[in-house]
Each structure stands twice: as structure tokens, then as C-alpha cells.
Amino acid sequence: MNKDQVRKVLQDVKAGITEPDEALARFAGLPFEDLIYARVDHHREIRAGFPEVIFGQGKTPEHIVGIAERIVASGSNLMVSRTTREVCDLISKVAPHAEYHKEARMITALTDRTERGRGTIAVISAGTSDIPIAEEAAVTASAMGNRVWRVYDVGVAGIHRLLAEREGLQAARVVVVVAGMEGALPSVVGGLVSAPVIGVPTSIGYGASFGGLAALLGMLNSCASNVTVVNIDNGFGAGFVASLINRKSE
Amino acid sequence: MNKDQVRKVLQDVKAGITEPDEALARFAGLPFEDLIYARVDHHREIRAGFPEVIFGQGKTPEHIVGIAERIVASGSNLMVSRTTREVCDLISKVAPHAEYHKEARMITALTDRTERGRGTIAVISAGTSDIPIAEEAAVTASAMGNRVWRVYDVGVAGIHRLLAEREGLQAARVVVVVAGMEGALPSVVGGLVSAPVIGVPTSIGYGASFGGLAALLGMLNSCASNVTVVNIDNGFGAGFVASLINRKSE
Amino acid sequence: MNKDQVRKVLQDVKAGITEPDEALARFAGLPFEDLIYARVDHHREIRAGFPEVIFGQGKTPEHIVGIAERIVASGSNLMVSRTTREVCDLISKVAPHAEYHKEARMITALTDRTERGRGTIAVISAGTSDIPIAEEAAVTASAMGNRVWRVYDVGVAGIHRLLAEREGLQAARVVVVVAGMEGALPSVVGGLVSAPVIGVPTSIGYGASFGGLAALLGMLNSCASNVTVVNIDNGFGAGFVASLINRKSE
Amino acid sequence: MNKDQVRKVLQDVKAGITEPDEALARFAGLPFEDLIYARVDHHREIRAGFPEVIFGQGKTPEHIVGIAERIVASGSNLMVSRTTREVCDLISKVAPHAEYHKEARMITALTDRTERGRGTIAVISAGTSDIPIAEEAAVTASAMGNRVWRVYDVGVAGIHRLLAEREGLQAARVVVVVAGMEGALPSVVGGLVSAPVIGVPTSIGYGASFGGLAALLGMLNSCASNVTVVNIDNGFGAGFVASLINRKSE
Amino acid sequence: MNKDQVRKVLQDVKAGITEPDEALARFAGLPFEDLIYARVDHHREIRAGFPEVIFGQGKTPEHIVGIAERIVASGSNLMVSRTTREVCDLISKVAPHAEYHKEARMITALTDRTERGRGTIAVISAGTSDIPIAEEAAVTASAMGNRVWRVYDVGVAGIHRLLAEREGLQAARVVVVVAGMEGALPSVVGGLVSAPVIGVPTSIGYGASFGGLAALLGMLNSCASNVTVVNIDNGFGAGFVASLINRKSE
Amino acid sequence: MNKDQVRKVLQDVKAGITEPDEALARFAGLPFEDLIYARVDHHREIRAGFPEVIFGQGKTPEHIVGIAERIVASGSNLMVSRTTREVCDLISKVAPHAEYHKEARMITALTDRTERGRGTIAVISAGTSDIPIAEEAAVTASAMGNRVWRVYDVGVAGIHRLLAEREGLQAARVVVVVAGMEGALPSVVGGLVSAPVIGVPTSIGYGASFGGLAALLGMLNSCASNVTVVNIDNGFGAGFVASLINRKSE
Amino acid sequence: MNKDQVRKVLQDVKAGITEPDEALARFAGLPFEDLIYARVDHHREIRAGFPEVIFGQGKTPEHIVGIAERIVASGSNLMVSRTTREVCDLISKVAPHAEYHKEARMITALTDRTERGRGTIAVISAGTSDIPIAEEAAVTASAMGNRVWRVYDVGVAGIHRLLAEREGLQAARVVVVVAGMEGALPSVVGGLVSAPVIGVPTSIGYGASFGGLAALLGMLNSCASNVTVVNIDNGFGAGFVASLINRKSE
Amino acid sequence: MNKDQVRKVLQDVKAGITEPDEALARFAGLPFEDLIYARVDHHREIRAGFPEVIFGQGKTPEHIVGIAERIVASGSNLMVSRTTREVCDLISKVAPHAEYHKEARMITALTDRTERGRGTIAVISAGTSDIPIAEEAAVTASAMGNRVWRVYDVGVAGIHRLLAEREGLQAARVVVVVAGMEGALPSVVGGLVSAPVIGVPTSIGYGASFGGLAALLGMLNSCASNVTVVNIDNGFGAGFVASLINRKSE
């Protein structure tokens, strides 16, 4: 119920068409329905073109396909993370345009491919083992309408490999940096660029990496001021936020 | 040594004013000075108007004032974090326009007040005890040329206070959310807005808050996809990244 | 030594068969057996209608069935947690009224279905992955004679879904809130209701959720004063305590 | 704005006293104020007689006194936790009936002393060093209109002291158990009573108590099913929830 | 109800004054008082000569002196741990035989000095900084009637110092080993002797010693099978258990 | 160089075959071989009758059988922990008297069955799931020549079961207490007996038991002074130390 | 681009062969290419004879063989860690001189076997279970051209075994010490030798060893000043650094 | 028993004064005294010129001065770590050549200034706050007879500052890298040099640096193979090991 509708009710009260108590009753459920619909509307406007995302881990293929079917039917872009080629094959039956991204372990089924980003999103990985998470970020950002520039295997112990990409990095609008072990790469990249850097710690490592804790703490304590951090192995989240940052105004 | 200076040397060599070996000596170490100047230049362009920042914690007043003096002399904007009014008084002698921000425990001395942000940066705090960190973020963002909208004391246990600000939040270009204890507020805000949300866990709490660890873990595990996180009590970092995100293209 | 035996000694004293001091000597070991029977009696009175519970995890099917058989034979209600349909099939042979609750991974075999609760127990889950633990709480509370109202998938990142259930929540006598990841839901619910809220952190999540630690810490640090917490994934415990709180006076 | 006030406005609109647009202006922001009033109303009914609580830790005396003054003026009961006698002396000027509870480090200023509990709340402490936290729980519960029964210094290493109080414990409607070090007492008490037990770990201990972590983990892993837990040293929270559980229906 | 009261009831039963069932009813509360007296008696016999111990940390001088006075009056040996010379001076007024042990930070006031140990208790410390805790163990064992042999500053990085004491160690009936930092000494000692070894980790160290955690974990993981461990800095506990182990049969 | 060789050198010196300084030179490497033989000798005397122990976990059956064969051949008692019935079958070929202890997952092959203990070792377990570790302690103590009294399933949440065994416990010379979850049992037992108590935390539990950490911390922080602790699940170590404590003097 | 090349350009500028702006252009990319090639060159010189190393864990056999093939083709020595005999068989097809080291789980294929060490590298292990990690260190050091002396199964609980090797240890130029459980061995060895000691904690242990954390903390807190530490189970790293320390000057 | 005493016994055997078996008996206690003198001798040879070191933290000035006096009297070089200028003033009375190193918080009093290193030891710090720990390493290495090259404030977020020192770093024989916060610097340096790198994590940082834990984990997980690590803030240990590595052969 919006302002105009409230005014209408009030005018009806004035006009004697509606009794005060009847009006009161109509206002009863107002706050929340109003809130909800407002929020949805607002979001519809802002979020136009965002894919609907299914977090695949821990869901049965049937469950995923069921949700996917509804999304595809609604005409939205679809994205499934942490899933398998088998699930993609099932989805292909309802969405022939579905694609499986092997390294990212993701499915995308895109109908709207409008470019929505202002600049390039760079996705950097420290080691080759970090690539699956980096790809999760890259595929996400790409499916959300961004140009993505991948720079993989440029860990800090061979700093010249990173420096060789300096110019490209400095041209990016956002940089996603994916690293396991000591998680030092975001700090170094953060010092090279002026753009926001999103650090993604990975669970790559052994022993005192404690499942990614070392990398996570490393990134949180970064001495570069332009670094923020997402959860361990959360490539999707990094790609998602990078897309929000890079998004053209509307 | 910048490009023009290098060209000048080369022209002098051509003109016979400077001998090749003399030029070589002047280039000694060039690659890195060059690197530096490149980086600086690049940064100068991008970073125009950024204040120079001094992290005050653990530095003596003399040390801070010394650095501050040089920055002010260079004509740059100045920002000192985690400091005291006493330090501000000392700085005022060389920079009469220095201001002390009591709650943020910061000093700013701004000469360039150009507006550089595309939209508004909302800074939200969960409890009143979180305000100093929220102010650190707000003052930082403001000094970096952004319009800042403060919404304090809207913790999740009184969700209606937050919802009452829904419209303002949805209009913001970036939202900084500062919370201690369980650190739940970024998740709730993340669900209400489409903008990037930067969570700042604070060390406010006791017992099992473990100095902010509970809030930090809460934010890292946020079920809202648009949340990234900075270190515990790092209001400055959040304000800084928010400014980068909000920055107008140049 | 049970009540009858004590009475027998006393009668012998009366009859002059046993001397007082001799009786005293025979009472030497009395206290504890007596304690036991007293305690049991006391509990019998208070606990009437409580199901006997078997924690199935780590027990062999034979072991579970053996205990179950004795409970059923005694006429008590039976409840088995963390078990499988196979075990239920075995139990059905001695207790044809046994039911398997798939999502809760529980078996109930109830003969006494007296309603024992004063009001409704609401069981809320943040995500769909938290449902098995929520069901464990719900089935427990239900088997203990309570009306249970389930509200699932109302996580904090979509706060309107929760607000839409506000009235139901505010009518509940106790609220069990089940959440993994950042564990923020109990705080939000705690702020909406005046009833006691029991938070159940789940091990749902990845990376820095550290097997439910993040959710656990989040709930322990709740800024809502009406929240208490049980162990990670302990849906049974939450349902059990909720039943005690809701129990009619006797 | 409550229901009656809304109706009044509507009647005035009907009567032509108030124009629709004027009414609309008065409803500006209605949804949330409405939400608030709904919540408040609802709460007013449920919460009648609850003291307003100020968490004193980290607040200046002036700040506390300021809030206290407003609460006292509104006629509500007042409770301040983690505070000092000095603050109490200041509050006494505006609230002569303010009392300082030394061991609990709390202030209460009660005008409404209606009894609101159905039964007795037992507050038990393991050691003498745990008494301040136990008192925080006891004073809270007492100020909220409950009969409180204190049983202190009955730690598990001298189990007979606890057993000697068995009858009293079994008669209680809720039991708050406060313990540091190994935090074992709630398990033992939980086995003796049928009522809900709220465990409060304290930071009492040294070495591997890790500031109360040992006691906290001990209580969370309790083998007694009727135990829930609050944050380390959160005596107030335990007393508060115990009061909610014990509250008479209305 | 004590023994005499029980006898009285029984005599009344015999005399026909009390009916058996009436007597039975009066025995309802019996168990615990009886338990208490039984336990105390039993302990009196076993514990003869044990000093009564006051844990001084966190208690006011007045409190300590008050308890001490009662103990001394009862003729028992007295021991106060974690206390100061000032407290000793106060206690001296009621117990002129009180002695302050500076390094152990303990007071003893012994009237009964019977030797109660079968053999010698060796107390070993790794570094000089561990001596206060070692002395706590040594003074405790000594006050409990044992011969104590101190071997200090024989850390594992100078293994020859320890080996030089091999014979004495092998002759001891129990060995208490006090060590901070890596806590390796109990393992080495455990390999040299056949007696039980009690490891006491200390909080001595810095950085990754994490307040004694490193030493504690080191001792718990000892590859020597004859090592058990007490809490960090718990010299008293080690001296106490060592005394129990060494105690002559009675 | 063994004793005989040293004697030979000395005899050669006496006989004038070897000069003193030449002998001195040959003794250069002496200390350690000498140490070894001394130590072994010393141990042989003290350790008479101790079984040789093989820690089976992580060793191949062949490896275990190989070591076992040598031990059996030497006439010593044999004990294998953390092993399987299959390994026992293999060992039976060389040691027909080998026995497999199913719950303890141990093998014993004893030829010397001399009783070596002064009193009884009580082995207590909190829950039925703790029995394997309790049995490891019991079988170890038994194989080392002790009378062992088992008391299982007497957890603190049903304190009467434990109290019913009070007399037996108080008669024991050492008490081994095995408990998972909150690990509270050693504290309660410690308060009931005067003997040394060895706590064995187990990894039984879930959620915040963190693999036995909760139980471990609980036992280390025990408020009973007679409790020492071994590693999580280290039943063998507890049985071993209990045997050393209980050992008759020689 | 080196100094001479820069001088050449300058001379060409002087000679009018090259225009200043043309020279400037040629200097454009200078810093990084120069850096990179310098680094490589520099490394080539210093690193001569180092094997190229493939970390096998988490790589497919095909991936490993592919990289191996290129290395072998280049004539370099090859080393693969954390791999299997199956991979070795595949590599043998392109490198018939490939050897599989079973305990170390490594492959080496060496063509250059120049001795590059100044002295001996001692590799010591505490227990037999630590041998795989010790072998990883030993095979690495050996493949890098060092004499390696292995001393296994000399844990601190049998200190005489270690002391018997004292002379050999004191003659070593570097000592690698591999130990799990309490990780005490590096401290003891550190006290016996003057050489640098590299501690390698292993994940061997159970319970409170927490996957090697106990050993790691033990080594970091070593009271011997000559100990440094590598990651848990990082035998390769220890062997690598030991080789660098032992390397002959060039 | 020293060498002369052993020779005396042997001479008595030769002279027939002592029988071989009698001599054998007197050698019983021999090994360890002998060991000690052997070890000391051996060390004297190897360690010539090493300063004797006093760890000042936790020692009284009197204690330190007492030990220092003996060391100086023996003609050895003296080094005191973690101490104050006041202590230095006291030491100056007995050792007028004592120097106080303010930033390192160390005292040195050197008489032997022989150069003992083969090459240069580089000491690098990430931030200015890390300098005290870096100085501790540098002063230690210098006092042990090494050329030390300091490179401070070259943290990874400004990588060009580090690269500018590339040549110097590559010329060093050992590199000590001191860093707090994310502790990333050793990895970057490790990739630039072929020498062994010793990482020193510092406790500099706040929030999730957890007192240096983040830096420590970062260094342990370094992706550069030439990095080993010492305890948090252990500059002395790093300087000491660097000196051992750099030591000329003798």
C-alpha cells in the first residue's frame, strides 16, 4: 500500500464512503505487506539482470533442477555454484543454453547478456591450486555482465610475475585476489593499485594453514588499506561484490 | 625523476651538454626510481585529493607532528587516526585548520575539499559503544570527499529501528556496517540493500566475544552475498575502501 | 535397600526382633539406595509422560533395539535421535506404532499423547540446510506433548520473511531458533518477542564457520537478553528445554 | 501512536476536523511507527513491570545518570548493571529509592514491586569467587518480580553440599547455575532437577580456563538435557531469561 | 538428622511410641545429612594431618585471615597459596608459627609435622623463571609431611645438567616437573625414571607460548608413558597429588 | 663398550698391557654406552614384570607381529594397544597365550602374572561410549599386575549412580576417570575420594566438544585438587601411571 | 637491459643516431623486464644444480608428468614430492633414471650429481612414525648435492639413544630434527650442538596434538637459541633450507 | 670425576693399589661428569667468541648485574636482551665498555670483536613499528661478529621500496625478515633471494592479528621454500641463528 492508496482511503473516510473502523482494519496489516512489496519493487529495479543463484553444495540434483526450472521459466539468468556436470546435463533438458564451467564447478544459463560493468574486473590467483576458487569469482562476475581479466599463478614468492602485469592491474576497476597458504598476495596487489581489492582466502595448504585460517588472518591484517575480505573459498561472494562495485549507475 | 626530466637529460646528451656516462650516473638506480615515479604518477592521477594518512597508534606525538608537518607543507590533505587532542593541538601550530574529531579519535587538516563521491556512503552502527569505530569510518570517508550519512544504534535486537531507515539505506552507494558482539547487523543490512556492504567487526563485547572474534566470524559467514569484511576495529579501512568504491570516474 | 525393606526393619524393631542399634547398623549403607529410589520417585511424579530418549549416534542397531524394547515394554513413550529408517523398521516389530521422521532422523513410538504444554513452541530455521536440526527440535517438542509451529527458511538476509511471521512468533510461549553460518537469527527473533529464545547453532557453513563455531559464538554474544544457547546441532536439547519451559504446572 | 490515536485521527477526518492530507502527514512514516507501536504495545502488555535496564560497563557516570533520570521520570523500574556505588549516589539524587547491590555491582530503583513469578528461581554458585555473577542473576530476577533462592559455594568437588539442598532445588521452577573453572555444576544440577537449568560460565580460574572458555565448553557439552547456556559472566542474561520462563501467564 | 536422632526414632519404634510407617516418613530427608556425616568421618580418618588450604588469589586479606583463624583454632595445619607477606604478618598475630615462603608466595602454619611420605618427592624446574611454581609444589609437599628434593634450572637445552642428577631422580618416589616455554622437560625426565611424573606447565614464555598453552600441549602429548599433567601454573595441585601418591598406607 | 669390556681394559692396565693414558683414550666414547647399560640395568631392576608395550596405531600387522615375536621370545609380557583381532590371530601363532580384548582393542600375552599392586585401581567411565578408552586403561592396569575394579556409565547427570559406588571408590588406591563431553566426572569423583585421580578426556561428543577439547579443559580446570590429566583418549597412559602409583615397594 | 646497453643507447643519442624521444620509448618498459631478466640470471648463477621441484599433492598424474617432461628435457635435475610409485612409473618413460623413494613418497631424476655441501646434514627423527617426513628432508638434501646422515627413532623419552649419537651430531653442519607429539627433540638437540637446527613438527599424534599444533608450538617456544621451524610435515622445506645453509660458496 | 681423577684411578690400578673391579665400581657415576666436561670443551672450541647472553625480561636488575659481572670477569663478550638503560648504567660500573642499544633494548659489552661471518646478514623490517625486534636481531648478529645490513620499512604494500634494495638483498648470505600484521614479507623476500630467510613474526597489529598469530601462521605457510621461522618477537633468536649460518668454518 503506497502513499496514494493511503490518501485514497483517507479521502473515502472523509467522503463517508469508508468508516473509520473499516479504515483502521485496512491499515492493520499495512506495515509489513507494504514493506515487503516495496523492498521487492525496489530490488526489481536495482537488480535487473542479476542472475538468480543456487548454492549447489548439500542440495540433491532433483532439488537443484527443480529450482532451476522455475528460474529459467521466469526468464531470469541462472547460476548454480558448487555443482557437477551431471546436474548441468539435467538442467540442459529445460535450459538448452546451460553451460558447465568445469574449473569453477558452476553452471550458467544466461538469456540476458547486457554488459553492466563500468570497467574491468581483474581476478588474480596466487597458485594453480587456487584456480577453482578464482574461476568461481570470474564466472560469477562474467555472468553478472562484467568484462573479466584473469591473471593466474602470480604468487608473491615470484613477485616479478605479478609486476609484469602491473599495467593491466592498475587499469582494473576492482581486483579480486585469490590465495591460499600465507594469503599475502592481496597486500602486494593492494599496494600496486588504487582500486578496491577483494581478498579470497582459500583452504589450499597443509599443516599450519589450518584449512585456510592462515590465509584468512593474513588478509584481514593486510597492511594495504584497500583490501576487504570474504569467507574462505568464497569465490562466488567475491565475484558478486566485485560486480556490485563495478556496476554502472542506473 | 619523471618522464620530462629523463627527456631533458637525453636532450642534454644530444646537445652535448651532458656526457653519456654522466647521464648514466644520473640514471643510476633509475629502474626503481622510475618505477616509483611511475607508480606515484599513476597514483597521483587516480588518487588526486586523497589525504595522506598517519596511523597514530604506537607513534610518539613528536613523530606524528614531524610527519604531519611535511604533509601539510606539501599541500596535501592530512588525516591522523587513533590519536589524541593533545597531538591535534601540536599540529595546529603548523596547520591552523586542523580539526580534532573526538569520538573518532582522529585529526583532519583539509585544504582540498572537492566532492569526489558519486553517491552517499551510509555508516551504520549496531550499538552506542561501536560509535568510535563508526566515526573513524565516517570521518575518513568524509575527509576523502564523500557525503556520509550516519545511522547509529540500530542493532538487530531492535530491528524496527533499522527498518525505519530502510529508504535511506537503499539509496546509499556503499554501506559501512559497524558491529560488535555477535556481528549480525551486516547480514540484515546486506539483505535490505543492493549496494556493497563493508562489515567492520568491533572488539565491543565480553566473555565469548573474544576481543571481536565472534563478530568477525559472524560477518565472514554472512548469508548475504554482498558483504565483505575488514579487520576488527578497522573503521579507517572501511571508510577508505568505501571511498574507493564510491569514487567518481576520472 | 528399598522402601519395603526399610519398613520391614522398622516392623522388626517394633516387634522386638531387631534392636534399635542393630537396625542403625543395617541402615549404614542406606543413604544412597534410598536416595536413588527417592529421586526416581520424585522424578516419576514430575516427569510423567516424558518419553524415554535414546541417543542413537554411535550405537549399533541391535543395541538401540534392545533398549527400545525394554522402554516400550514398560509402557513409556519412546524417542530415538540420530538414527535411520532401518533401525525404525527393526523397532516396528516390537512397537508397531513406531514412526520414522525422515528429516529429523528420529523415531518416535508414543502411547501417551496427552497435551502437556501451556502454549505453542515456535521452531524457526534460518536456511533450508538447517531444517534437519530444526526438525529434531520440533519432533522432540511434539513427542513431549506440545503444539509446535514451524517457520523455516527465514534467515536474516531476507528479514521481511521473518517479519511476515511476527504475530505468530509473538504468540509463542517459547521460540527455538536454528541457524548456521553467522548464527544471527536468534538475536533478531529475540528482539521481536518477549518469550525465551533458545538458540541452536548448526554446523552448516564452510570456511570460517569452523564447524558451527561462528554460529555458536554469534548466539552466545547475542545483544538480545532473552537468548540462551545449546550445543552445535543439538536440536534435541533445544526441543527438550522448550518443553520444560512450556510445561503446565502440576 | 496507538490504535486509539489512529482511530481518533480517522474520526476527525470523518468529522471534517482533519483534512486527509493533514492526516496523511501525521501518518508519515506510519508503517514503522506503527510497527514500533505495535511492538511496543504488544510488549507493554507482556512486559508490564519489567525494569528498564542500563548496561553500565563502558558508559560514563553522566551518561548513565542521564538515561536513568528519563527512566525514573517515566515511572518505570530501573536497573543498572556493571556499575559502581558512586553512580548509585548520583542516581539517588533523582531517585531516592535507588539501592546499590555491592556484590552484584548493580543499582535498582523499583516503584512497582508486583510479584510476577509462578515459582521460585534458584540461583546456585560453585565457588565463592562466582558470587558476583550469581548475585547479578539474583538481583535481576528479584527486580523482575521473582522469589529468588540463593545457594552458594556448592561446587562439584564437594557434592554433598549440593545434595543437601536437593529438595529446595527440586522445588524451583528454574535454576540458574553459575560456575567457573571446569563449569561442571550445571550438569550435576541438571541431573537432579526437572526444571530448566541456565548455565552461566564465569571467567573465574587461571591457566587453561582461558578466561572462562573451559567453563563455557563444559556447559555447552553438558550430558544433562535440560541445560542451556549464556555468555561468560552474563549473570544478567541468566536472571532475565529465568524471569521470562517463570513469568505468570497474563 | 544425625546418628543419635536416628537411634532415638528407632528406640521410639521399639517402645511403640512411633509406628514403623511414621518412622519411615521421618526418614525421608535422611540420606543427605547422613551422607555428609559419613563422608566427613571417612575423610577425617584418611586425611589426618593434611593441612587445610586457602587459595589466596582473589580473596581480601581480611577474608583470608578470617578463615585462617578458624583453621588454626581447630588445631589443623594451615596453608595459604598465592598470597603476600602482608597477609602472613596479619596471620602471625593469631598464629605466631606462621612462615612466609617468598618464592612460593605461600604461608604455612604447621603444628603437626609428622612425616607421612614413603619416599622422596623430587621437584624439578626447567628455568629459573619457573621456580615460583616449583616452590609452590615443593612447599605444598613439604607441608604435607614429605621429604622434598629440589633440582632447579635443568632445562632440556642443557641436558647434561639434568643427567648429572640422574641418580637422585631415579631414587625419587614421585617427580614433579615444572616447565614453561616448550614444556619438554617432563618427557625427558619421564624417560629417565620409573616413578610417576607430574608435569606442571607454566605461563613462562612469550609470543607463541600463548600463556602456557604450548607447554601444556607439550606435556599432554608426552611420548613418555608415565607423565600426567595439571593446569598451567598449578604448582599446588602437583605438590598435593605427589603427596597423595607418596603417602604411607594407614 | 659394556661392563665386561671396561673390566677387560682395567685388567690390562693392571697387567701392564695397557698404559693408563691409553686406557683413558679408549674411555673417550665411554660415557654414553656406559650410560645406556647403566640405565637399562637400573630399569631392569625397577621395571621387573612390566609388559613391553607396542602402540599399534599406524603400524602394519607385519611390523607389529615382528616386534611382538622378539618380545615374546625374550620372555617378557606383551601388550599391544589400538590394534585388531586380526593382528591377535597372527600373534597367536608365536604366542598361543595371546588374548584379544575387544572393547579395549588390545592384545595381551602374559607369562608373568605376579600381583604387583598394593591396592585396587578403580576405573570409572561417564558414558557407555567412553567404555573402549576405560577398557584400555583397565586392561593395561590388569596386565601390569593390578586388581582392577570397573564402574561404568556413572556420568554426572545421574549422580546417584556414582554415589551408590562411594564405598568402593573410597577404598581404591588410585582412581582412573574416563569421560567425554563436558569431562566433569573427575571433579566429582575427586571430591569423594582421597586417592589420586587420573582424568582421561575422551573424544566422545559432538559440536563444541571439539574432539575432546572441552573434556580436556574441564579436567585441567578441575576444582578438586587430587586430579591430574592425560591426553585425550589416552586410556593406556592412565592405566600405566595408575599402575606405577599402586606399585608395591621393592 | 643492462648497464652497457643503457650506455650504448646514450652514446647513440650523443652521436645523433638515436633521438631522445626514441631513447625514452626504449626505456619505457625497462624497469620490469630488466628486473625479471636480472633476477633470472642472478638465480641461474646462484642456483646452478638445484633440482626443479614439483609439489605433487593435489596434482593429477598427467599434470605432474607433463611438467616433469619439460624439466627433464631442459637437462635439469627433477624432484617430485608427495607423490606415488605410479607417477614414477609414468615419468620413467621419459626419464629412465627416475627413482622412487618409497618412505619419502618422492621421485628424483638426477643428471647432475655434483657435491655442493660443505659438511654433513644430519636428519633426526623422534619416532618411527616421523620417518616419512624425515625421509622427505633427507632425500631433498641428498638430491641437492649434500651428504646426509640419518639418525632415526631417538625421541626424548629415551635420551640415551640420542646421546649415543652425540659426536656425529656435533660434527654436522646443519641438523634437521623431525618430531611429532610434544615436539621436544629440537630443543634437546639444540642444546647438544652449535650448528643451526631446523625443526619440522609432524602431524603424528592424537588427541591434544591437534594435527601437529602441539609439536609446532613446542618447537617455536624452544629454549635452545639455535632452532628455527618450518610448517607441519614440511620435510621438503627443511631439507631445502638445510641445503642452502650447507652450500659451498661460489 | 674429571679426566685427572680418572687417570689417577687408572694409575692406581697399574700400581696395584686399586683392583680392576674396585675401579669399575668407582666409575659408576663417571659418565655424566665426564660428559659435562667433554661437552663444555667441545663447545668452547666451537663457540669461541660467542657472547654470553642474558635474557633480561623477568629478571631483577640485581640479578642481571650479578650474572653480568661474572661473565665480564671471565673475559667473555656479554649481551643482555629485553632490558633497560638503567640496567646498563649499573653494568657500566663493572664493565665500562658496556653500550646500551635503545631501540633493541639490549646491552652489549664486547672485548673480542673478531669478524666471524663469511658474508653479510641482511635484517629487513616491514614497518617502523617492527624496528625494535629487527634491531634485536641486528645487534645480536653484530655482537656475534657479523657485518649487518639494515633495510627497514619495506613492507609488501609498497613493494617498490623492497625491490629498490634487490641487489643488496641478493648479495646477503642470510636474510632476517621481521614483520607483524599479515607477515607476508618473508615470502616476497624469499622469492627474491637464494639465501636462507629467517622470518620473525612480531606482535605488531591489532584485532585479528591476535598478538602475532596471524604473522606467525603467514610465515609458516610461506610459499617460498627458503623460509624458516622463529617465535613471535624473537629477534634475538633470528640474529643468533643467522650468525650460526654465516659463521666461517674453523
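Note that the chains are named A, B, C, D, E, F, G and H in the order they appear, and that numbering of residues resets to 1 at the start of each chain.
Heads up, the rule we're going with is that a residue touches a chain if its C-beta (ideal position, glycine included) is under 8 Å from a C-beta of that chain, and two chains touch if they have at least 3 such contacts.
Just so it is clear, the structure is predicted and the values come from calculations on it, not from any experiment.
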- Task: Show which chains lie in contact with chain C and also with chain H.
- Result: A, B, E, F
- Task: Over half of interface residue numbers shared between chain E and chain H means same, under half means different, so which is it?
- Result: different
- Query: Which of the two pairs, C-E or A-H, is linked by more C-beta contacts?
  - Reply: A-H
- Note on the structure: Dup interface of A-B (contact pairs over half shared, numbering-based), picked from E-H, A-G or E-F, is E-F
- State the chain with the largest centre-to-centre distance from chain B, centres being mean CA positions. F
- Query: Taking each chain's centre as the mean position of its Cα atoms, how many Å separate chain C from chain D?
  - Reply: 25
- Query: When the centre of a chain is set as the mean of its C-alpha atoms, what distance in Å lies between chain E and chain G?
  - Reply: 50
- Task: Report, in whole Å, the distance between the mean C-alpha point of chain B and the mean C-alpha point of chain H.
- Result: 40
- Message: Can you pull out the residues of chain F that are in contact with at least two other chains?
- Response: 31-32, 35, 39, 163, 166, 192, 207-209, 213, 216, 220-222, 231-232
- Pairs of chains found to touch, sorted by chain label: A-B, A-C, A-D, A-G, A-H, B-C, B-D, B-G, B-H, C-D, C-E, C-F, D-E, D-F, E-F, E-G, E-H, F-G, F-H, G-H
- Residue ranges of chain H in contact with chain E within the complex: 29, 31-33, 35-36, 39, 57-59, 201, 203, 211-213, 216, 231-234
- For chain G, which residues are in contact with chain E within the complex? 126-127, 155-159, 163, 181-184, 187-188, 190-192, 205, 207-210, 213-215, 217-224
- Query: Tell me, which parts of chain E touch chain H in their complex?
  - Reply: 128-129, 160-161, 163-164, 166-167, 204, 206-209
- Note on the structure: In their shared complex, chain D is touched by residues of chain C numbered 35, 39, 42-43, 46-47, 53, 118, 170, 192, 194-196, 198, 216, 220-222, 225-232, 236-238, 240-241, 244-245, 249
- Contact residues on chain B for chain G in the complex? 3, 6-7, 10-11, 13-14, 16, 19-21, 23-24, 27, 30-32, 34-35, 38
